[in-house]
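The data blocks that follow each hold one structure.
You will see two complexes here that share chain A, one where it goes with chain B and one where it goes with chain C.
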Partner chain A sequence: MSDGLAGALAPRPEPRWATPARGAALPLLLLAAWQAWATTQPDITRAPSPVQVAATFVRLTASGDLPVSLLQSLGRVLGGFAAALVLGIVLGIAMGTSRTVRAAVEPIVESFRPVAPMAVLPIAILWFGTGTPAALSIVGYAAFFPLLLNTVHGVSQVDRTLLQAARTMGVPRLRILRKVVLPASLPSILLGARLALGVAWTAIIAAELAVGAKSGGGGSGGIGAMMFVFYAYSIDLNGIVACMIVIGLVALAIDRLFRGLERRLTPWRH
Partner chain B sequence: MTQSVAETSAARLAGTAETGEAVHAVAPVSLVGTLPVLGPTTARRVFRHPAVTSALSFACFILAWWAVAVWTASPIQLPSPPAVASALIDLAQDGELFDNVSVSFVRLLISMAAAALLALPLGFSMGLSERVNSYVDPLLEMLRPISGIAWIPLGLFIFGIGGTLPVFIMAYVAFFPMLLNTVAGVRGSDRKLVAAARTMGVSPLRIVRLVVLPGALPTIIVGVRIAFAGAWAAIIAAELIGSPSGLGFAIEWYRELLMSPNVFAYIIVVSAVGYTCDLLLQLLRRRLTPWASGAELA
Partner chain C sequence: MEAPGTTDPKLRLKGVAKAFTAPRTLKRTLAVTGVDLAVEAGEFICIVGPSGCGKSTVMNMIAGLDMPSSGTIEINGVPVAGPGADRGVMFQDYALFPWLTVEENIGFGLRNGTPGNGLSRGEVEARVREHVELVQLAGSETKYPHQLSGGMRQRVALARLLANGPDVLLMDEPLGALDAQTRLILQTELLRIWGETAPQAARKTAVFITHDIEEAVFLADRVVVMSRHPGRVRAVIPVDLARPRDEHIRATPRFGQLSEEIWGLIRAEAYEAIA
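So, the complex of A and B:
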């Protein structure tokens, strides 16, 4: 889209297929090299290859293992995310509209923010055991911060003239909130939601992996636990790579979904 | 419903008059300034200073923690603040705390340096040349959605349990924000300045060093900050699962021993180190790029 600096200064006409062809060159080359390397290795479970990964993916999908694990992980992410959404937006609006609330809550939030969700996982295990509640709390914790920070940012950026105008005309507080503050901060909130869901997806993988690693066996399920089983028990690197690709695709889908949502809900920004 | 709200606000922001339904055309019931949006009112003047409010709320937080700890009376699930404080002091006097912090911190520095060594040159060449960008960008966009955490099982296979895995995971995590921000920074540098320098016969390398680099630096530093935050989160996961040392390992180790005060003490240390590093990076940004105003969100 945007040309590089050099490109802008010395424009050169090119055929339309040139860019996609270039883009495909490096991935294809790497795939070919990977496949070539794998064929020289004796053990196919320890030397994953693109062909084997694809075959494993088809097998896992057909047997239902992968879809079930994926749904389990996605369900946890959505549960934790929903809780974080409500908490983050409510607290964010309170912090964005009131200086006192902000001064009171900010130091606590800021001291928790550098603590990775994974560092809280041991506490979550102590409190909730190794099942779904622990996973939900980790996801909620991870998703909370981007939502909160972006909501605060959005609310504190609301045009003051609009607020004063609404107030001068005697609009009740709640109505101002709903009709002025929320719409104006919607772009920020949506951005926060996009980041939060991405972080939540990462956190659930980490939590499931760690629970699998530390509770001796993937009893809790989910795609992270599935990867850990492939690592520790069935030693199937093709399965691990297939899971990684699925994880990447889900992250990509989340990102695209929210960008689409941003375009639909806040069309004036684009 | 959200959509309709968005649309009305769109109309509002666009300045189109909207009367009747949304806004009551009656005399103001509330005085200007009674809404908390605009800040101080007389009632709040006592605790108006943010620092006072912050200190008070932090104290309340500690007291609430203490109260809950006493009430639940389950020191394994929730140790009291004094127990955690004494655990922290013990660990510090022991030297164990310092060992684990320095192990994790050295890993952090190595991986940030590795990520910067890869990301900065690549980012500059991608930002300067559309051709390089068209070759490399699709591959990177394919890899980027795969989070660093997802690499842990494969990384365990390749590197085994030890110090290399966390470094690899963190470098991977730190690489993408640094790269993207470098590309954005380089592309955002003022084209008129570049063209002017070129007209005056400045060599391309000097243009990059004297024009493009200063222009891109604020964005790059923001990238470094985001990269640091991501790496600091990833190191805990990587050490917790696949390393025999470091902060993440220590947290998990004491959880398995059910020594909760130590778990909480280490979590406080994770927070303190992360917070300090972020402050230092902000300081660095102000030092290196005092001209850039800092509107940023991590």
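So, the complex of A and C:
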């Protein structure tokens, strides 16, 4: 088997670690280069290095500052997201099933949609102060649009013959909504929810940074506010980079978790 | 006009016409007009005609999914006012719910619609089970529609239709998407399920749309031939072939004659339709 032409053409088996090792080579090289650059700089707070970032991360985790801030930010994201979820789905179904509702609501939605969440922040702060309610309203505002638009899209894309089939089986209207319209648009709604969580997480960091600036670094909390403290008070870029990495990893984790949830909730699509 | 005292047919269409108005241009087009037809209980009717002649339009109106622009449709002498589970529909693309398994699709009407009224949970389960077996899908109950072959999907749709226990079976080109061999097998199976071997009183009333003339002759008691522009009933051809029918009947001279006669009625239009 192993000799002759067949042996020559067969792909050579690789050890199990070969692929991950090759994937990790470039990032490790870059990290080394970054560390080398940082050690040539005089001020370690202005020139963050991998070692210092890691040390800061460990310190912040051990002191509980980072976990507490992270949980606070995550809590706000979930709170704002939950509100947007309910509102977006309910209004989305109403708009997707009723032409009258859609015609009435769509112009309003479309005129607010280009207004970035950060542009709403001044109003939120003036109305709700610098605490959690302001953060929640920004997050909710940001998460609302992807949820609404994807729900409307999903509901209006429901296969007409499925609705007709249900009607010919004598299924009452409300039950058709629950048993046909909702499951048929679930993939779209879940896509909207995943996008919404993504923008909600982006928005909360920006909102906490901005609220931190307004409140002078105190009070509001969250990982964004923590970054603001590193920026304005302790002036330590190592802390900021540590936060940035944590924020990125959390965003990735949220996305992965949600994709898993999507697979679980829509098993017929896989 | 029928004589007083005669009982109503199972299904009657009287001067049925349907016009559609295009949403933007507001142009009205007459899809079907002047359709008169009486179908007796236990009869198997096939509707054939070139595509676009209004076969689906007629079926949707019988199902109550669409209202005639003029004329009336009656079931047992009562005008149709909307959809109802007394008339079961099998759609051309099967209309299976992609998020439900085979078993859940078959039981959908029984669990969510009027066919399940008055049935206990156990009775519903038994009836679903019975219909899974009727179409030989035991073992595939937990599969989703996308995991099934075309022939299996068609069986699920048929089982769902029958599990709901309708008096009238409305089928819109249900075998259209299948390969020729599967089609022939399912035609025979369909006749068995419809009740070909039972006395007429025990049979369902069936309205079956097809564009396949031989399929129509094989299945039907009468073939309704429609023509286009606008859709009308061109002729109603009684099929005097003995039941139960099997594959051999296709080779008989009478089968050929009937097919030829129907083809003669729609040949010119069928050529027009592809020109």
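Everything that follows uses one rule, which is that the second predicted complex is superposed on the first by the 247 of 270 C-alpha atoms of A that agree within 3 Å, B and C clash if a C-alpha of one lies under 4 Å from a C-alpha of the other, contacts with A are read in each partner's own complex, and residues count from 1 in each chain.
What we mean here is this: a residue touches a chain if its C-beta (ideal position, glycine included) is under 8 Å from a C-beta of that chain, and two chains touch if they have at least 3 such contacts.
This is a predicted model, so every value here is computed, not measured.
Chemist: Between chain B (first) and chain C (second), which does A:W268 come into contact with in this model arrangement: first, second, both, or neither?
Modeler: A:W268 contacts both chain B and chain C.
Chemist: On the A-aligned overlay, A:T161 touches which partner chain: chain B = first, chain C = second, or both, or neither?
Modeler: The second partner, chain C, only.
Chemist: One more residue to check, A:V180. First (chain B), second (chain C), both or neither?
Modeler: After superposition on chain A, A:V180 lies in contact with both partners, chain B and chain C.
Chemist: Check the residue A:T132 against both partner chains and state whether it touches chain B (first), chain C (second), both, or neither.
Modeler: neither
Chemist: Under the stated touch criterion, which partner chain does A:Q35 make contact with: chain B (first), chain C (second), both, or neither?
Modeler: A:Q35 sits against neither chain B nor chain C.
Chemist: Regarding the shared-chain residue A:A24, is it in contact with chain B (first), chain C (second), both, or neither?
Modeler: The first partner, chain B, only.
Chemist: Just to be sure I read the superposition right, which of the two partners does A:T61 touch: chain B = first, chain C = second, or both, or neither?
Modeler: neither
Chemist: More chain A residues touched by chain B or by chain C?
Modeler: Residues of chain A touched, chain B against chain C: more for B.
Chemist: Jot down the residues of chain A that show up as touching in both complexes, chain B in one and chain C in the other.
Modeler: 159, 162, 164, 166-171, 179-180, 183-184, 186, 266-268
Chemist: Can you list the residues on chain C that touch chain A in the complex?
Modeler: 60, 63-65, 82-85, 87-89, 91, 93, 95, 97-100, 108-109, 112-115, 144-146, 164
Chemist: Of all residues in chain B, which touch chain A in the complex?
Modeler: 2-3, 5-6, 8-10, 12-14, 22-30, 32, 35-40, 44, 47-48, 50-51, 53-54, 56-58, 61, 76-77, 126-131, 133-139, 142-143, 145-154, 156-157, 186-187, 189, 191, 194-195, 198, 212, 229, 232-237, 240-241, 247-248, 251-252, 254-256, 260, 263-264, 266-267, 270-271, 273-275, 278, 297-298
Chemist: Hey, which residues of chain A end up touching chain C in the complex?
Modeler: Answer in residue numbers: 159, 161-162, 164-171, 175, 179-180, 183-184, 186, 266-269.
Chemist: In the complex, go through chain A and note every residue touching chain B.
Modeler: 2-9, 18-19, 22-27, 30, 46, 97-108, 110-123, 125-127, 149-150, 153, 158-160, 162-164, 166-173, 176, 178-184, 186, 201-202, 205-206, 209-210, 213-214, 227-228, 230-231, 237, 240-241, 243-245, 247-249, 251-252, 255, 264-268
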